[in-house]
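Below, each structure is written out as structure tokens.
In what follows, subunit A forms one complex with subunit B and a second complex with subunit C.
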Partner chain A sequence: MIRVELSKMLRSRRTWSTILLIDALPTLVAVLLAVTDLGPRPGQGPAFLSAVLTDGTLYPLAALGIVLPLFLPIAVAITAGEAIAGEAQQGTLRYLLVRPGGRTRLLVAKLVSVLAFVVLAVLVVAVTAYVLGITLLGSQSLTTGATSVSGSSLSTTELVARTGLALAYAMLCMLGVAAIALFLSTAAESPLGAALGTMAIFIASTLLLTLEASDAVRPYLPTRYWLAFVDLFRDPILWRDLVRGSLLQVVYVGVFLAAAWANFATKDVSD
Partner chain B sequence: MTSLRRWCLVALGVILVVAGPLGVRSWPAGENDVGATDLLAQVRAAAEQPYSGYVETQGALQLPVADRFTDVGALLGEQTRLRVWWRDRDSWRVDRLLASGEVDLVHDRQFTTEYDYQDAEATTSRDPGIRLPRTADLLPPALARRLLEDVADRATRVPARRVAGVSAPGLRLEPGSDRSSIDHVDLWADPVSGVPLRLEVYAVGASVPGFTTEFLDFSADEPARSRVTFTPTGSTEQSFDDVLDIADAANQYAPLLPPDTVAGLPRTAASDGAVGVYGRGLTQLVSIPLRGREASPLRAQLRRTLGVVVTDTGTVVSVGPLGLMLTGEDGDGGWLVAGSVTAQTLSDAALDLLSGTVVVDEGQDR
Partner chain C sequence: MIRTQSLTKHYGRIRAVDDVSLDVHEGDVYGFLGANGSGKTTTVRMLLGLVLATSGTIEVMGSAMPRHTLDVLPQVGSMVEGPAAYPHLSGRANLSLFDAMGRGSKRAGRAGRVDDVLDRVGLGGVDRRPVRAYSLGMRQRLGLANALLRSPRLLVLDEPTNGLDPQGIRDIRALLLDLNAAGTTVFVSSHLLTEIEQMCTRVGILDRGRLVLQDHLDQLQRPTGRVLLRTPDPERAASLLVGRDVEVHADHLLVDAPDAAVLNARLVAAGVRVDELTPERHTLESVVLAASTASSDRMERA
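Here is the complex of A and B:
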């Protein structure tokens, strides 16, 4: 069942057009930066964007900072929201459940498929950004070595390892989005409803983060630690928010997958 | 398994994951029976104790200051995240963590290097005796050291509080002068090393602190020397700056010598130039002479501030426990008088500055 779902996802035109759309913004930004040679003013713009004019190898991280707050979660919410509600809307859910394996296995297969989409989307953005970074933007790190956010030098091995960890962290954050969307997909009648519901949760979380009055709940908001991947490039690495962010996402994934299972396993399926 | 049982299982899981962190957070701090005097002595004795950790400050003091005053407004009016490695007064590093970079201070004897990641610049300057507040001044031990200068015996115990994972005994410090605009400062210290871990500054009449600084992670171990050194990479532009900020510039170059006492507060020994620092501890003010081009935008900002009072002497604003006064009128230079003192003390100080300042001829010893 997992293989079928993965194959369906990879062969879907929607999958690749969504990934291309996510990739378009960092590509456009790289071209604009290369043409104008104008970076954002210090303190403005996504993390690392001011540094990529001199060091293009950091562009995968800047690209992650560009797509992580909005584009990537929207794509994940749409894909995961489609998982169950989409099948129900198309009238194929009943037939899927006829296959051997049961509802829990279908849910797991859908989750693996969404997880694969997240990994694919993040990797495509990172690889595209790396190629654009070293061809269009600065190549200083190739001659002088990369500089950490704290001003110390980073070896190529360190830079690659930390970039890998940052990508893995971003994937985990998006898995949290996927789990919420998957739960809503089991509860909503339409995939659009599931995707919009997920986005509403994340927009509310982002809004609450800006309010001083929400101090008490801030550490538990799903988007609270999304951009903590920057801490991987401090010297020494500041693990505090990364650990909290990872644990928080694990809890969201666990709770919402359990809720999806509880809801879907006994749901009355008529479509 | 029935639907009800499945949902009960999910609910049980949710309760467990929510109750865990809440239980840890609300775990009561263990009380410590050390007396106020002993605790105060322990905190004072820890002045040279090395430490490291992660600090968050939260200020509610929206200072109406202009760009020339660097980031003082942000430091006192917003949340600031800091990492610190402190070996001793001559050797420390404080990193200000930003969402998209860092601004770090690395101190080595009389020199301090400011590294800005986003500008890829490292600027070294000598450490002047007179300067504007900076991140390193907001660390709980640094702020406590400054505030503890005049509390003498006016310290009482407050209940212990869990700070940075330890049960920290608390002290309430009250100013030794009725000229202070600070009602009290609550301080919680590490029970083993005595290093202050959390401070809350309350203005007179305020029920919530105007400024809070707290360690969220703390270690009393001496940090490695490599942590407090700065080795620039090839991509970092390096420079040396003779003048640190506007206070340092005025102190070095303004041909003025302020009086030895203003508003009954004596000038400190460290301020021997044009900028005067008066009083100590919780009752302290600084006077900075400003030229017209610096004073005018600041005066305009002060006049737009809620609660501004314009007198014959100047423009006065009170922001929580801090007061600011700028003497003179539109287009004029003037004295900026600022500190943790009452509005009346600011006015008295301004009058004393206007009447008692001596203009020093070039080449004449101050």
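Here is the complex of A and C:
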């Protein structure tokens, strides 16, 4: 069943057009940077963007910083929101269940396929950004090593390991989005409702982060630590936010997956 | 095969299904009749574990549902409230996908199984176009093919001939009767009386969520004890039969007579010519209407 769900996801034209769209923005930014040679001043604009002009190998991280706040969560919310509500709307959910698939198994298969989508999207962005980075922006690190955000230099192995960690962290954050969207997908009538509901939560969270009055709840907002992967490139690594961010996401994932399961397992399927 | 006890489902304050005790025997072609909105589909969904009952018990093939869904459903083929398929895939791709979704379904022989059921429903020659481009009738046949995958012992079909033309309806009826002859129990819900009349051996009638009647079709269509008489001499016949309960209609008489043969002998002996003489039977329609009226009274008082 997991295999069927995976192949459904991979064979769907929408999966690939979504990934293509996500990928288009960092590509456009890379081209613009390469053509104009005008980077934002250090400390302004998305993370790493000022550094990539001299060092293209950092571009995957810059690309991550570009898609993580909006593009990627939208794509994940749509894909995960589709999971159950989309089948219900199409009328195929009842036939999957009477086959019989088993409700828990179906939910797990959907989760795995959403997870695969997250990994795929992040990897595609990272790989294209890497290729773009070294072809368009040039690299210095292959010989001398990259420069960390703190100014010290990183060896190539350090850079690779930290980039890997950053990608994994981004995937975990997106899994948090997926869990919420999956829960809403078991509750909402339409896949669009589930996706928009998820987006509403994240827009609200982003908004609250900028508000001084919301100081008390700020550490618990789902988007609070999303961009903490930047801290992996300080010297030494600043673990505090990364750890908090990871724990927070794990809690969100756990709570919402449990809610999704509890809701779906006892739900009347009447679409 | 299917046995429910006081099955009840509330949606908020609405009682969609109220105290329904179904009893479907092995080998039946069971017709589940009811107007639109009478609770047929909700009942079917409960039988299949899609909707959870508010109270009451369900037993399918001897096992309690929905607790034993995973053991029971592999032996049940179903179509609930119209067919559904992934519109961007071909019919064949849809069937292999649904087949693969089943627990413990083997990849070996899948293509053969799919071809087999497509042949059975008359879609054997279907090409690779997506289901999006199918006509309503083709979708209906595809839905039936999906129900027939895995050679079920019990078929649960909700309005299986919806959207089919007369030829298609006849095909499907023949197919279902064939399957039944080979040992498959068939449970068909419908709001079409003729459909049920032509196919079923037993009938359950649902009215506003209540099972108002459940019996053999023969029993429901039993003689009324009256005889329909057509004759060129209606006045002579009527005068001859004074003392009996005779209803005179424009082109026929309805005579209260337990035995048509005795009546015939008497008429002929008296020189009354007889065109036609048939024992009158209850029609399914009259039975359904009678049953439904009674229950609508109950609703009004409640």
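Couple of notes before you dig in:
Everything below uses one rule, namely that the second predicted complex is superposed on the first by the 268 of 271 C-alpha atoms of A that agree within 3 Å, B and C clash if a C-alpha of one lies under 4 Å from a C-alpha of the other, contacts with A are read in each partner's own complex, and residues count from 1 in each chain.
Just so we're on the same page, contacts are C-beta pairs under 8 Å (C-beta built on N, C-alpha and C of every residue); 3 or more make two chains touch, one makes a residue touch a chain.
Keep in mind that what you see is a predicted model, and the values were worked out from it rather than measured.
With both structures placed on the common chain, the touch criterion links A:M1 to subunit C but leaves subunit B unconnected. Contacts of A:S152 after superposition: subunit B is touched, whereas subunit C is not reached. In the superposed pair of complexes, A:V127 makes contact with neither subunit B nor subunit C. Once the two complexes are laid over each other on the shared chain, residue contacts for A:L238 go to subunit B alone; subunit C is not touched.
After overlaying the two complexes on the shared chain, residue contacts for A:T266 are found with subunit B and with subunit C alike. Once the two complexes are overlaid on the shared chain, A:V160 sits clear of subunit B and of subunit C alike. Counting residues of subunit A touched by each partner, subunit B versus subunit C, the larger count belongs to B. Legend: residue contacts after superposition of the two complexes on their common chain; A:L207 is shown touching neither subunit B nor subunit C. Once both structures are placed on chain A, subunit A residues 266 are touched by subunit B and, in the other complex, by subunit C. Per the touch definition, subunit A reaches subunit C in the complex via residues 1, 3-4, 8, 12-13, 90-92, 94-102, 105, 266, 268-270. Residues of subunit C that touch subunit A in their complex: 42, 45, 48-52, 69-70, 73-74, 76, 78, 80-88, 97-98, 100-103, 146. Interface residues of subunit A, counted against subunit B in their complex, comprise 42-43, 45-51, 54-55, 65, 140-141, 143-145, 147, 149-153, 219, 227, 230-231, 234, 238, 240, 251, 254-255, 258-259, 261-262, 265-266.
Subunit B meets subunit A in the complex at residues 1-3, 6-7, 9-10, 13-14, 17, 21, 54, 83, 95, 97-102, 104, 115-120, 122, 216-217, 230-236.
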